[in-house]
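Please go over the structures that come below.
Each of the two complexes below includes chain A, the first together with chain B, the second together with chain C.
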Partner chain A sequence: MLRFITRRVLTAVPTLFGLSVLLFFWVRLLPGGPEYALLPEDASAEQRAALRRTMGLDDPILEQYGRFVLQLLQGDMGTSLQTGRPVLTEFLIKFPATAELAAMAMLFAVAIGIPLGYLAARRRGGPLDALAVGGSLLGICTPVFFLAFVLKLVFAEQLGLFPSAFRQSPGLDATRITGFFVVDGIATREWDAAADALMHLVLPGLALSSIPLAVIVRMTRASVIEVLGEDYVRTAEAKGLHRGTIRTRHVLRNAMLPVVTAIGLLSGSLLAGAVLTESVFAFGGIGEFIYAATQTRDYPVLLGFILIIATVYVLINLLVDISYSLLDPRVRVS
Partner chain B sequence: MFTRTSKRFLAPLAAAAATAVAAAGCAQSERDAGGDPNESRPLVFAGAGDPRSLDPVLVNDGESFRVTRQVMETLLEHEPGGTEIIGGLAESWESNEEGTEWTFRLREGVTFHDGEVFDAEAVCANFDRWNEFTGGYQSSNQTYYWQAVFGGFAENEDEDLPESLYESCTAEDDTTVTIAVTEPSAAFPGAFSLSSFAIMSPASIEAAAGQEVGGDEGSPVLPDYSQEAGVIAGTGPYTYESWDHDAREVTLTRYEDYWGEPAGVKTLIIKTISEETARRQALEAGDVHGYDLAAPADVEPLKEAGFQVPVRDVFNVLYLAYNPEANEALDEPDVRRAIAHAVDRQRIVDTILPEGGEVATQFVPETVQGWSPDVTAYEYDPDKATGLLEDAGESDLTLNACYPTDVSRPYMPAPKDIFDIVQADLEAAGIAVEPESKPWDEYIPYTDAGECSLYLLGWTGDYNEAYNFLGTWFDGYKTAWGFRDDGVFEAMEAAASEPDPEARTGLYQDANEVIMDYLPGLPISHSAPSIVFSPDVEPPAVSPLTQESFAEASFR
Partner chain C sequence: MTRSPLLDVDELSVAFTRRRRRDVQAVDRISFSLDEGRITGLVGESGCGKSVTSLALMGLLPARGVRVGGTARFRLGGGGEADLLALPPARMRDLRGSEIAMVFQDPLSSLNPVVPIGRQVAEVLTRHRGVKGAAARDQAAELLDRVGIPDPGRRLREYPHELSGGMRQRALIAMAVACRPRLLIADEPTTALDVTIQAQILELLSGLVAEEGTALLMITHDLGVVAGLCDEINVLYSGRTVEGAERHELFAAPTHPYTAGLLGSIPRLDAPRDEPLTPVRGTVDDAIAWDDGCAFAPRCDRFADDCLGGPPPMRERGAGHRFRCLHPTEPAPGEESEGR
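Let's turn to the complex of A and B:
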């Protein structure tokens, strides 16, 4: 297992290095520059030129790349040009928001998607199956931002059941430890703060869960149908095994293999893809910040954030492979 | 079996959700506890972006100033709801004849939030500090407004920085201070009202003294004192209580010993909501009590729903710039005039701008000193435009014209809609238009480089001096404008070098007349950006400069 993990980590190094090269040159190829975004419209040409110079943007591009790599190896990802704070600090501030949101969305997707997909497969051709298949198609087709607006309109504005924006109610006196508001609330026993943060996660979590939920329902359904037709299930039934044992040990466990892979991949994409949901709910996560960084040509943030996300993505995939090998011992050999 | 499994999963989930709903309900009811709402409820205002720093000398954007202005005060300020410059921390002011010494009589009985007394020494400590900035502080990204007004520093570390205009600050006595500059500037006295030049307590300056702009050359890190509440003490009606970067909110608390009228609401929270529609929805859902720069299309529905949208006076200009270096036909005065007659500016004001907008007759709004009632007018007359083009021999003229996308500015709320009218009008007059659009972040460099024959752009004033509008456009040759006209440049120079503010007003009136005779571009409109408040709030006087003092607001 250790060798397997080591090999996977080592293969990630050239991937991330290649990505850093591509990213570095890509962001520099974007037209415009931070000197236009950071200074007011009427700033003089001299002021803009001076800013470029002090940022080292007039140096040869290879020299800039060398500087970037050298800093990166020392654990320094530079500073956000927008906020004047280190990129890593900014990431640590923004990441919990996105991670909490993605976790909530995945919780909804898994908690609803797997049972629904399983039931749809068991009652194949019935009304529940039709509902699950049709509903999942709708979930995949509906743009997340549209769903987010509808959820806000109905549940926040009309019914007033949930807050319409933010991670926590403004002015709530909450202690911050990790930046994960729900976790902080529980750790400090500030139950109202934890509950408040949880309430703020419901609508954005639901909106963001639509696509993974749909994918999980469809994959679970297809996978369960496939496994139900396998010989070993028939054999298990023939030798008189208890029905519950067949379902959990033989059907669900084997059917979950592709679903777990999908959950891993979807989790990664949720981290990167929460930008619209974050904007609609003013959630203040990494997606919203990266979007702002592209607007202001905040090169260090673009580079740093995307590299960190890529690393997280690689790690999630590694975890998926490990969990895969736990579910299916044959994977360990390869 | 499955049913049992699902129950095992779902039961705790349902219990957690129910607890969450109940606890959140309790939290809500605690927040809505009775009593005077001004004492028990925070007033929450939504901004579009996070502030950059709590020290105003280090910022140049409206989102940061909205926060710092509630806490830090300047020697001069603009009257509430207006543009006239009045005393702030200074009760009166005067300059010597040469315009090189500005003497301020300071308000008495003012204290900083840390208990220190506000006096002439405190003023000098601030101005001296700014002039003596070194290292990373000398970047134009950190001290933009200091450099825009005073040029450089006591010891410039970049040889391209101009010499500092600032000479000295002298505390004549406790309440009299004189600021000397090396030469007169058309920026004064208006520039003393710039939010960047707000006065911090000497103890705060001392605490911040050891903190430099960190990081390396390419990635400066702002000093800690500017990133958290607790160090900076001003004299304003609010104090910095906290800055929660995670929750993207700055909390301000009423300063009970404020020298003026105390703040109406005890706690003011400025929250960031980047997305425009999300700001509106947060207001409609009751999560915030107001927000700025409402989309023009949202104004009427919001009013109908009972929200308040007080109208600001205008203090900006939208123009259509001509660039003769991009198309030499624009060197011809008749072509420039033809374009001016071709565009139906009243239609833009009536159909696109929010209530309170006006057609511009010149490059400054009427509220700015130096506005002239006698400039050449270019009324909408497409036939005249066509005739002028024929006279100039440019009946088959084709011009490329640019507009920005993905942006809404206070002076230009819907660039594409405005551009569509301009394009249709020009084509009706016989000018073929090749439209070019660029995202905002590419737009300024593109137009600055002289790539567009015509382009839409504008400016919102920082302070009430014509120089603040005209100075950066017309005081000499600029690639963005691409024209060289001694008449315009000399008129601007004459106004800028006049030390007496009253005489300068007359000279700027002359300059505006010369500019509108030459017509380097077409001033289109002055717009009143919309600010919205919920029905339960008594809003502050709305400011043409978007400099609202939230201390004037209260719950009804």
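Let's turn to the complex of A and C:
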């Protein structure tokens, strides 16, 4: 198992390196540069050119890339041009919000999607199946920001069931340790703070979960239908096993294999795709920050954030591969 | 007074209903009986209804789109009788795996790929005997040992893909016999295996039957398999029994042209080298509906016009030898041979 993990980590290195090359040149393809965002509008062309020179942006591009990589290898991701703080510091401030949101969305998607997909498969052709299939189509088609707006309007503003913005109620004095508000609340036993943070996660979590939920419902349904037709399920029936045993040990354990892979792929898209939901609920995660960085051509932030997200994504998929190999002995590497 | 048979199947019918189309009559009023310690063969080409028969007896046919008729009276272990075709699903679930068990055709696909072999054996014991944990594991190891799997302690922890084809079939048999069922159904248990392994598996099955006094229903398309194994053989064609007899009687005097054809198509070591095999002409798809006459008529060498005058009745020929043919290859006692 250790060798398997080591090999997977090592194969991730060239992937991330390739991504860094691609990103570096891609970001530079954006027209304009930070000199427009950093200097006032009435700055002269000479002033802008001078700023570019001092920032080293006029040096040969390969030299700039070399400098970037050298810094990176020393653990230095540069400083944000907008805020003047190190990129890594900025990331650690913004990331918990997005991670909590993504985790909440995935929790919704898995907790609703897998049972719903299973029931739809079992009652194939029935009303629940039609609802699941139709609903998931709707979930995939509805733009996330639109759904976020509707949820906010109905459940926060009209019914007042959930807070409509931010990660925590204003004025709440909570202890900060990790920046993950729910985790902090639990760790410090400030239960009301944890509950408050959780309530703030419900609506944005639901909005963000729509696409992964739809995908998981569909995949679970298709996978369960396939497994139900397998000979080993008939064998389990022939043994007279209880329906619950057949469901968990023989049907779901096999049907979950493709779904687990999908969960890994989807979680990456949640981290990178939370920006619209974050802005509707003024959540202040990495999405908003990356958007702002794009506007101001904040090269170090763009590069650093996307590279870290890619690394997190690689790690999540490594975890998925490990859990997959625990679920399926056929892919286990001895 | 003679004791009633362990399982008495009377006029079993299975039809698959289709929307806006005619039903498919997969099994049409089949009758046979099974007894302790005896092996009964159900022989026929694919599509003759033999697997559907086994699934019907196990209660494993889908709940919707199937119409089952007839009775299958089973003498219960605790005394009393039950009609397997009419039992409520929950009662049937209690019987399956404990009193009635089944060995399937393709051992690889019939085993759960992600659950260790030992667990798949032990779960039957847990379900029907309430044996759990280490005790269940020990019993599972004993069972694997009993069906001839070497080093059972290690094999318990292995997964189906780590076992050879023959081992997998042995493991499936171990699961089936775990609770000492009184009726065992084996549906083509050797089809997916190579020839040397086939013989071993058949030997294992007949050994278990002899030791435990289990009744074995052997379903196969291969008369060669049942030749050395079965006490009694029923030949099916297109959903009906066309001939049934004790093994020696059937091989000595195959009376239905289909049975004779099947026997003629088995290669024999003692036949002259240059003698060609005689296959049965055509395929099962050539069958006509029994209502219109003999379903085998289109493929039959002894076909005559009266073969199409409605379904031929079942006739008797000596003790327990039944056949369904107007122009049999062997004359019934008191009849002149047609000798063609």
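Heads up, the rule we're going with is that the second predicted complex is superposed on the first by the 332 of 334 C-alpha atoms of A that agree within 3 Å, B and C clash if a C-alpha of one lies under 4 Å from a C-alpha of the other, contacts with A are read in each partner's own complex, and residues count from 1 in each chain.
Here, a residue touches a chain if its C-beta (ideal position, glycine included) is under 8 Å from a C-beta of that chain, and two chains touch if they have at least 3 such contacts.
Please read all numbers here as calculations on a predicted model, not as lab measurements.
J.: Based on the shared chain A superposition, would you classify chain B and chain C as clashing or fitting together?
T.: fit
J.: Which chain makes contact with more of the residues of chain A, chain B or else chain C?
T.: Looking at chain B versus chain C, the one contacting more residues of chain A is B.
J.: Tell me the angle subtended at the Cα centre of chain A by the Cα centres of chain B and chain C, rounded to the nearest 10 °.
T.: With chain A as the vertex, chain B and chain C sit 160 degrees apart.
J.: State whether A:Ser223 touches chain B only (first), chain C only (second), both chains, or neither.
T.: Neither partner.
J.: Between chain B (first) and chain C (second), which does A:His250 come into contact with in this model arrangement: first, second, both, or neither?
T.: second
J.: Just to be sure I read the superposition right, which of the two partners does A:Thr235 touch: chain B = first, chain C = second, or both, or neither?
T.: Only chain C; A:Thr235 stays clear of chain B.
J.: In the overlaid three-chain picture, which partner chain does A:Gly33 touch, first (chain B) or second (chain C), both, or neither?
T.: first
J.: Which of the two partners, first being chain B and second being chain C, lies in contact with A:Ser267: first, second, both, or neither?
T.: Touch status of A:Ser267: no partner.
J.: What is the minimum C-alpha distance, in Å, between chain B and chain C after the two complexes are superposed on chain A?
T.: Least C-alpha distance after superposition: 14 Å.
J.: Give every residue of chain A touching chain C within the complex, in rising order.
T.: 230-232, 234-242, 245, 249-250, 253-254, 257, 327-330
J.: Give the list of chain A residues in touch with chain B in this complex.
T.: Against chain B, chain A makes touches at 30-33, 36-51, 53-57, 64, 67, 71, 78-79, 81-86, 93, 96-97, 111, 115, 118-119, 122, 149, 152-153, 156-157, 160, 163-172, 176, 179, 181, 191-196, 198-199, 243-244, 247-248, 279-282, 284, 288, 292, 294-297, 300.
J.: Taking the touch rule as given, give the residues of chain B at its contact with chain A in the complex, in rising order.
T.: 1-2, 5-6, 9-10, 13, 16, 19-24, 26-28, 30-31, 42, 44, 46, 49-50, 52-53, 58, 60-61, 139-142, 144, 147-148, 158, 160-161, 213, 215-222, 227, 244-249, 251, 267, 269, 271-275, 277-279, 281-282, 284-288, 406, 440-442, 444-446, 448, 457-459, 472-473, 478-479
J.: Considering the complex alone, what residue numbers of chain C touch chain A?
T.: Residue positions touching the partner: 58, 60, 93-98, 101-102, 104, 106, 109-116, 123-124, 127-128, 159, 161, 172, 175-176.
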